[in-house]
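When the chains are written out, they are named A, B and C in that same order, and each has its own residue count from 1.
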Amino acid sequence: MVTEISLAIGVFLLVLGGVLSIIGAIGLLRFPSYFVRIHAVTVSVIGGSVVPLIGVAFLSYGVHGQEGVVTSLGALGTAAFIFLTAPVSSHAIARAAARMRIPRQPLERDHLEEDGR
Amino acid sequence: MIATIELVIDLLLAFCVVLTAAIVFTKDLLLAVVLAGAEGVLVATVFYLLLAPDIALVQVAAGVGISTAFFIVGLRKIGRREE
Amino acid sequence: MLDIILLFSLGMFITTITLSMYRMVVGPTIPDRMLALDVISYGLTVVMGIIAVISGSPYLIVISFSLALWFFIGALYVARYMEGEQIGD
């Protein structure tokens, strides 16, 4: 009974993650500038990697039973690590890009410029 | 199942060919370092799909982390642009 | 049935990687390419997880964690270099 519920939750999260990942990739392909594209990539990383890794954890317990607990714990650890470190690397690269004066086409306000930093 | 995974391996190797051509023809050395990191990720996944996880572990560590770090330490000495 | 769903999910993530590879090759600036490398790297992490479920071996999920760790370190190195340089395109 527990394995069937785990299997259903795992399949749902995996397919949801795949759909969110494709949405983020289409945004990465179509948006006009770097600082607009980073919004789509946030969808594609958090929704497209953390959610299906949690789904993989449920799915491994649902398919293999007690033998799949190791894979399940590893997938949960990977999901937690990505959830903690992907915003850090994205913020570091975005700050470097703001310092590099790359072209920013739909620009209304620049708070980093107004603060003088 | 096996045929689909072989198709995925062929697709990843085709991406590796495109990235290698881009590395050869570029003039920006930082861009070449970033493209080499992407190729390291793809080659590590090919090793993983061929069920050689120990070689994939070493390839991930060397191709993505250590090689990028060493190339960037060298790039600080010689500058970014190639004449 | 389960095999078909797993292969369908694998196909969706491979489609994501194929779409990001366009931005990787023709992207105008370096941060765009780092963004595409972000999507490719975390997508391949999920592909490794799906293969680990299909194979059933408990040793295969370690590579997924290792890929996330080393990509984080490489992205921090590239960001430090770009921040120190201050000019460019």
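Here are some notes:
We take it that a contact is a pair of C-beta atoms (placed from the backbone, for glycine too) under 8 Å apart; a residue touches a chain by one contact, two chains touch by 3 or more.
Source: prediction; values computed, not measured.
In this assembly, A is the chain whose CA centroid lies farthest from the centroid of subunit B. By number of C-beta pairs in contact, A-C leads when A-C and B-C are compared. Centres computed as Cα averages put subunit A at a distance of 22 Å from subunit B. One finds 12 Å separating the Cα centroids of subunit B and subunit C. In subunit C, the positions touching at least two other chains are 30, 34, 36, 60, 62, 71, 78, 80, 82, 85, 88. Residues 2, 5-6, 8-9, 12-13, 15-16, 19-20, 22-23, 28-32, 34-36, 38-39, 42-43, 45-46, 49-50, 52-53, 56, 58, 60-62, 64-65, 68-69, 71-72, 75-76, 78-80, 82-83, 85-89 of subunit C are the ones that touch subunit A when the two sit in their complex.
Across the complex, subunit C is touched by residues 7, 11, 14-15, 17-19, 21-22, 24-26, 28-29, 34, 37-38, 41, 44-45, 48-49, 52-53, 56, 59-60, 63-64, 67-68, 70-71, 74-75, 77-78, 81-82, 85-86, 88-90, 92-97, 99-103 of subunit A. Every residue of subunit C that touches subunit B in the complex is listed here, in rising order: 3, 7, 10, 14, 17-18, 21, 24-25, 30, 33-34, 36-37, 40-41, 44, 47-48, 51, 54-55, 59-60, 62-63, 66-67, 70-71, 73-74, 77-78, 80-82, 84-85, 88.
Across the complex, subunit B meets subunit C through its residues 1, 4-5, 8, 11, 15, 18-19, 22, 28, 30-31, 33-35, 37-38, 41-42, 44-45, 48-49, 51, 53, 56-57, 60-61, 64-65, 68-69, 72, 75-76, 80.
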